[in-house]
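Next come two complexes, and both contain chain A; in the first it sits with chain B, in the second with chain C.
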Partner chain A sequence: MRLSDTGLALILLVPLIALVFSINIYPIAYSFWLSLNDVSLIRQTVEYVGLQQYGKALSDSLFISSLQVSARFVVESVALIMLASVGMALILNEKTAIAPALKVLVILPWALSEFAVAIAGRFFLDRNYGFLNALLVGLGIVDSPLYFLNPINAVDWLAIFYAWNIAPIGAYFILSALQTIPEDLYKQAKTDGASALQRFRIVTFPFIRYAILITAVLATILAASSIVLSFALTGGGPGFASTPATLYGFRVFFNAQDFGYGAAMSWLILVMVMVASVFYFRLLTWRR
Partner chain B sequence: MEKDSGENPFNRRVSRRKAVSTAVAAGAVVGVGIIAGVGGYLAGSATGGVRTETKTVTAGAQTVTTTVTAGAETVTRTVTQTVTGTPTVSGPPLQFVHWHYRDDIVTSYVKKFEQYYGEKVVETHLANENYNPLLEAKFQAGDVIDMCYANFFEAARLVQLGFTRDVESFPEIKQIKAEMYPSIIEAYSTADGKLAGLTYFWSARSCPVVDDSILEKAGMGGERPGTWDELWDMARDVKKAGAAEHPVMPHWFNANYGITWDFLAEMSNVYNDPDLTKTLFNKKFQPVFDKNTEVGELLTTWQQVFREGLVDPTVLAQAGDSDHVSAIVTGKFAFTPTALYYFKVQNDPSQSRIPLGKANLVPVTKSGWGVIDTGLYCWPKKTTDDFRSQRLIKFLGWRTPEGERLTSTAWAISDALGSGYTDTLRHPDVQKGFRDWLGDRAPATLKIFDDIANTMGRPFVFKSPLYTEWADISFPILSAVTAGTTSVADGVTRLREESDRLYKKFHGG
Partner chain C sequence: MRLRTILVYVAAIAIAVYSVAPIYSLVIISLMDVRDVVAGNIYPVNANINAYLRILGYDVQGPYGYLRAYGASEGLIRGLINIMIVAPIVTAITIAAAVPAGYALGRLKVKARSILILLLLASRSLPPVSVALPYFFLFTQTGLRATLLGMIIIHLTITIPIVTWVLMGFFAALPRDLERAARLDGCSRMGAFARVVLPMAGPGIAATAVIAFLFSWNDFFFSWLISQGTPAATYNAQLSGFFNFQNEPAMFAAAVTLQIILAAVVAIALQKYIVRLRIVDPGTVVIER
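On to the complex of A and B.
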C-alpha cells in the first residue's frame, strides 16, 4: 500500500506530536486541572472547586503585592536590558582593534547562571562584606556602608543584576541586525548632513527595530518568569519587598504543597505574560 | 524479604567481633550470613513456629553455628559460608536519600557500613533548598527508599502521609531511648509519642554568641545576658559606647528556617514555654495567640530594636544560611544569635575575623536559649529489605554492632553537631576535639551545649503537618513587621488568620 504524502507526513509527525503532548501539553493541561481543584496530600483528597482558587488569588493581598513586585521588576529590568543591549551592540559594531575581545567579554555575564549572578550580587552589595561598600567607604565617598538591599530599593538591585545577566544576549541579537546595514547608507546620510542622532533614527533604527522588539519580548518573558535571582539574592525580602509572583507561587506550590492554589497563581501569571507578549507583537506588526 | 519483629536476643548472642576474627583467621570474612540468618530467623519467628535452616553460600567450608533462644523457644541456625574477600549481600543495593552536608563524611560512613556488612548502598542527594518537597515527590512516585534524612517536622509529616514509619518496632528501641536526652526524645516523637526516626543530629538555632572583643571596647568585658531582654539592654549600651554600629546580627534572615525559627526560639525562651503550647499553638494544634498576647508583645520589641538600630537591617534581605554566616564572621557584632554548629566556624581563624578566643557562647542562666534544629534518619515504609534498611539506620543513627557511636562522635568532633545521645559530648574523643579549637574554654562550652539541649525550645507544632506551610507563610510576615512595613496588629492578625486556615485544613477544626 502506498501512503499519500499527507498520510506519510502525519505518520512522521506522530512521534513529535507525542513528545510535545507528553512534555508540554499534558503538564499544562494538568496544571490547569490542578488549579480547578483543592488537592490535599495529607487527606489524600481532590475536591473540585471551580474558579475558587483564582478568586482566592485575586483577593490575596500577598499575591497582589507580589504581582506589583513582578511588574516593577519586569519594567525596570526590561528597560535596563534594552538600553544596555542597544548600547553594547553599537559599541561592538564599531570596527576597533579591541572589538573581538570585547565581544567575548560582553557575552560572559550571560554565560552565568542566575544563581551565580545572585551570589555575585550578594558579594557586591552586602553591607558587611560587599565590594561596593568597601569601595565607597575606601574612597571616602560615604562615611559608613550603605544598606542597598532595603525594602525600597531591593527590587531595583534585582533588576540591575538581572539586566547585567540578560543584556548580552539582547546585544548579540541587535548586533546581528546592525551588521546587515549597508555602510553606504551611513555615508549618504553623512553627506546629507545628518547628525549622529539623526543617523541612528533614520538609518540604524529601522534595521534593528525588529531585533529590539524580539529582545523586548524575550526579556519580558524571561523577567516575568525569573525566580532564582530573588530567591538567592534577597530571599524575597526584606519582608515581602522583593518577592515576585513567581517566587510566591513557587513557595505556595512546592514548599506549602498547596498545589491547586499554586497552579492557579501560575496561570494568572501566564495570562499576564501572554497579554504583554501580544502587546509587543502588535507593536511589532504595527508598521506593516 | 526478611522481616524483623519483636525482641531480638540474637544481636547479643552472636558476637560480631568473634565472627570476624574467626573469619580473618580462616582467610575470609564472615558475617553477612550470620546477619542474614538473624533476619531469616526473625522472619521465621514472625510467622510462628521454630525453623531450622542451613544456608551454604560456597563450598570450602567455614561453618558458623549459632543457637538462639527467643522467648521459650530455642532455634538453631547453621550458616556455612566461605568468602574470598569482602562478604556480599545478595539483592539490590540499599537506597539512602539525603541532603547535602559534608557529603564526603557521609559517604565515608556509608563505605564503613558497606565494608562491615558487605552491603551496597546507593546515595541520592537532593537539593537542600527544596529537600522536603523533592523527597515527598520521590515517595509519591513510589520510589523504594531504605533510609532518608528529615528534619523532625518533615519526619512527622512523612509518618502522617504514610511514607515512613516510626521506629518503635526496632528491637533495641528501649535501649536507644535510654541513651537519649529526654528533651530530644520528646522533640523527635510524633504527637502520639512515637519516635519518628533515629537521631542524626540536634542543634539549636538562635543561641547567642558574644564577641568579647567588642564588649571589652564598650567596657563590658565578660558580662553576659541572662535573658533576651538583657541582651537587648546590653546591645543598647554597646551602641551607646560606640563599640558597634549595629551590635546584634540576629537570626532573622528571610527564610522559613531564618526569622521564623528565631521567632519560635524567642517566644519559647522569653515566655518560658519550651513547647510553645501556651503561647502559639496548643497540643491540639489550635492557634492560641492574637495581637494582644505574647506574639504581639515580642514583635513590638522586634520593631523597637530594629528602629533603634540595634540590629543590622541587612539581615532581612539575607536569603539564607550562607549570607548569614558570611555576616556573622565579619567581627562587627557584639551578639550573633545563630546555630550552634556555626559557633565552631566563628572560632576558626581561617573562616572568621572575630579575634581568636573572643567568640563565646552565652551560658544558660535565667532562661533557655534557642530552638531545636533537627535531623533524623527515617525509616520508609517501602524498603528494599526491612532488615537491611533497619541495620543501616542503626549503624548510622545509633551504634555499630561493636558499640561504637560512629557518626555522632564524628559529627561532634568535625562540626560541633549535637547528638541525641547523652554520652556523645562526654566521649573522650569529642572532649579532645572540642579542646582542639576551644582550649580551656571547652568544658564550659560543653556544659552550655548540655544546658541548651535541656532547655531550648521544642515547638509542639513541629508534630503537625501544618507546620511546614505555616513556616513558609510566617517568615515574610514576621520580616515585614520587623522592618516596620506592616504594623504589629496587621501582621499578627494575618498570622492568626493563616494559622486558623491551616488548622482547619489539616485538623478539620
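On to the complex of A and C.
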C-alpha cells in the first residue's frame, strides 16, 4: 500500500499533536473557565460572574500600570536586541583574527537561563557591592555608588539585561544570512561607486531582512511573556515600578490566590501577545 | 583601509567585554569572602573556592574565619541530579518527535499546513503565566506534580513546538536532488528520509538538540511551579532558596555559576552548529510535488 503525502505527514505529526496540543488544550480551556468565575478559597465557593473579571482588570489601575511597564519593557528590549544583534553580526562577519574566539564569547549570554541572567544583573548593579559601581568608583568617574535600580530606571535595566540574554541568537541568525551574500555583489556595488551606507541598504539588507524579522518576532514574543527576569532581578520593585503584567498576574494567582481574576488578566495578556503574533505572521509571509 | 580595520577590532573588543562582563562579575563574587565582596573589588581578592564547597555541604576555613556549610546543600545536590536526568530525556524525546514533524511540515505537501504552523507559533507564544495555574491543578490532580515525569512532560510542551518550527525551515532548505535520485532508485519515502535526508540534516538536528537541552536545563518558571519544595525539585527550583540568604552573595553566585558552567560548555562545544542554523521564510518553502 502506498501512502499519500498527507497520510504520511499525518503519521509523522502524531507525536507532535499528541504531546503538545492535547496537553495544552485542557489548561487553556480551564484557565478560560476560571476567568469567567469568582473563586474564593476562604468561602470555598465558585461563582459564575461572566465577563466581570475582565472589566475589573481594565479598571484596575495597578493592572494598567503593569501593562505600561510591559509595553516599555518590550519596546526597549526589542529595540536593543535588534541594534545589538545586527551590530554583532556585522562585526562577526568581518574576517578578523579574533572572529572565531569572538563567536564563542558572544554565544555565552544566550546559554544562561533567565534566572541566571537576573542574578548576574542583580550582582552587577548592586548598590553596595555591584561590579558596575565598583568599576565606576574605582576609575574615579563617580564619587559614591549609584542607585541604578531606582523607580525610574529599573525597567530600563531589565530591558538591557534581557537584550544581553537574547541578542546573541539574533546575531547568529543574522550572521548566517550575511554569509549567504555573494562577495561579487559587494565588489560590483563598489565599482559602481556605492557608499558604505548604500551598499548596506542595497546589497546587505535584502539578504538579512528575513533574519531580522524572525529575530524581531522571537524577541517580541519572548519579552512579552518574560516573568522570571523581573521576578528575580528587581522583584518588580522598587514598589511597583518594574512589575510587568505577567508578574502582576502571577502575584494575583499565587499570592492573593484570586484565581478567577488572575486568569482573566492572563487571558488579556494572551490576547495581546496573540494579536502581535498574528501581525508578525502576516509580516513574515508578506510579499513585495 | 587601516582605520577601518582598527575600528572593527575596537568594536570586536567592545562586544567581547559586553558579552562577558556580567558573567565575570558573578564569577569573581563566587570566588571571594563576603568581606572582600562588600569592599567592592573588581578582581578576586583572596580568591578561594569556599563558596562552592559550602553549597556542596562542606564546612570550610575561610580567610576571615570558619564558615558553615549551606544548610540546604542536600536539596541542591538532589536538584542537580534531577535536572541531569530530566534534561537529556527531554532532549531525546524532543528530537524523536520534532524531526518527523519538522520533515513533514517542511518537505511534504500537507493540507492545512499553514494552520499547523500558526498553531505551533501560537503555542510557543503562550505566556507561561497564562497556563501556570491550570498546569499546576492538572499536574496535582493527575499526580504528576512533584515527579520527574511531570517535569519532563511540561518541558516537552515548550521544546517540541520551537524545535519543530526551526527544523521545518531547515528541512525545507536542504537540496532535493539527492532525495529525488534515491526515490528514483526505488527507495520508499521513508527509506529516502532515513538514508538521504537525515544524514544531511545532522548539523541542524545537533543545533536544535542544544536548544532543547538548554531550555530544559535553564527552565526556572515551570520547574519552580511543578516541583518547588518537593523531592523532585530541580536545581533551578532549589536556587530560589538563596533568596533567604541575601547576606551570602558568594554562595548564591557560586550556585548560579555552577548552573551556568554546563550550559556554557554545551553551548560552546556545539556553537559551530548553532551558527549554521538557517531560518527559512515559511512563505517561500518550496513544497515537493
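Note that the second predicted complex is superposed on the first by the 260 of 288 C-alpha atoms of A that agree within 3 Å, B and C clash if a C-alpha of one lies under 4 Å from a C-alpha of the other, contacts with A are read in each partner's own complex, and residues count from 1 in each chain.
The rule is simple: a contact is a pair of C-beta atoms (placed from the backbone, for glycine too) under 8 Å apart; a residue touches a chain by one contact, two chains touch by 3 or more.
If you're wondering where the values come from, they're calculated on a predicted model, not measured in any experiment.
Q: Quick one: on chain A, after the overlay, do chain B and chain C clash, or do they fit? Just give me the call.
A: clash
Q: Pick one for A:S40: touches chain B only (first), chain C only (second), both, or neither.
A: First partner only, chain B.
Q: Report for A:Y129: first if it touches chain B alone, second if chain C alone, otherwise both or neither.
A: both
Q: As a test of reading the superposition: which chain, chain B or chain C, is in touch with more residues of chain A?
A: C
Q: Where does A:P238 make contact in the superposed view: on chain B (first), on chain C (second), on both, or on neither?
A: Touch status of A:P238: first partner only.
Q: Between chain B (first) and chain C (second), which does A:R199 come into contact with in this model arrangement: first, second, both, or neither?
A: In the superposed model, A:R199 contacts neither chain B nor chain C.
Q: Answer with first, second, both or neither: which of chain B and chain C does A:S113 touch in the superposed model?
A: Second partner only.
Q: Report for A:P151: first if it touches chain B alone, second if chain C alone, otherwise both or neither.
A: first
Q: Touching A:R72, do we find chain B (first), chain C (second), both, or neither?
A: A:R72 contacts neither chain B nor chain C.
Q: Mind sorting out which residues of chain A both chain B and chain C touch, each in its own complex?
A: Touching chain B in the first complex and chain C in the second, residues 126, 128-129, 232, 254 of chain A appear in both lists.
Q: Inside the complex, what are the residues of chain A that reach chain B?
A: That would be residues 40-42, 62, 118, 122, 126-129, 144, 147, 149-151, 154, 231-243, 251-252, 254-258 of chain A.
Q: Considering the complex alone, what residue numbers of chain B touch chain A?
A: Its residues touching chain A are 129-130, 132-133, 136, 140, 157, 160-161, 245, 253-256, 258, 312-314, 316-320, 323, 326-327, 330, 332, 465, 468-469, 472-473, 476-477, 479-483, 485-486, 505-506.
Q: Please output the residues of chain C touching chain A within their complex, sorted ascending.
A: Within the complex, chain C contacts chain A at residues 5, 8-9, 11-12, 15-16, 18-26, 28-29, 37-42, 96-98, 100-101, 103-105, 108-111, 116, 118-119, 121-135, 137-138, 153, 156-157, 160-161, 164, 189-190, 214, 217-221, 236, 239, 249, 252-253, 256, 259-260, 263-264, 266-268, 271, 274-283.
Q: Taking the touch rule as given, give the residues of chain A at its contact with chain C in the complex, in rising order.
A: Where chain A meets chain C, its residues are 3, 5-6, 8-10, 12-13, 15-16, 19-21, 23-24, 26-28, 30-31, 34, 87-88, 91, 94, 96, 98-99, 101-117, 119-121, 123-124, 126, 128-135, 137-138, 145, 161, 164, 168-169, 172-173, 175-177, 180, 210-211, 214, 221, 224-225, 227-228, 232, 246-247, 249-250, 253-254, 259, 262-263, 266-267, 269-270, 273-274, 277, 281, 284-287.
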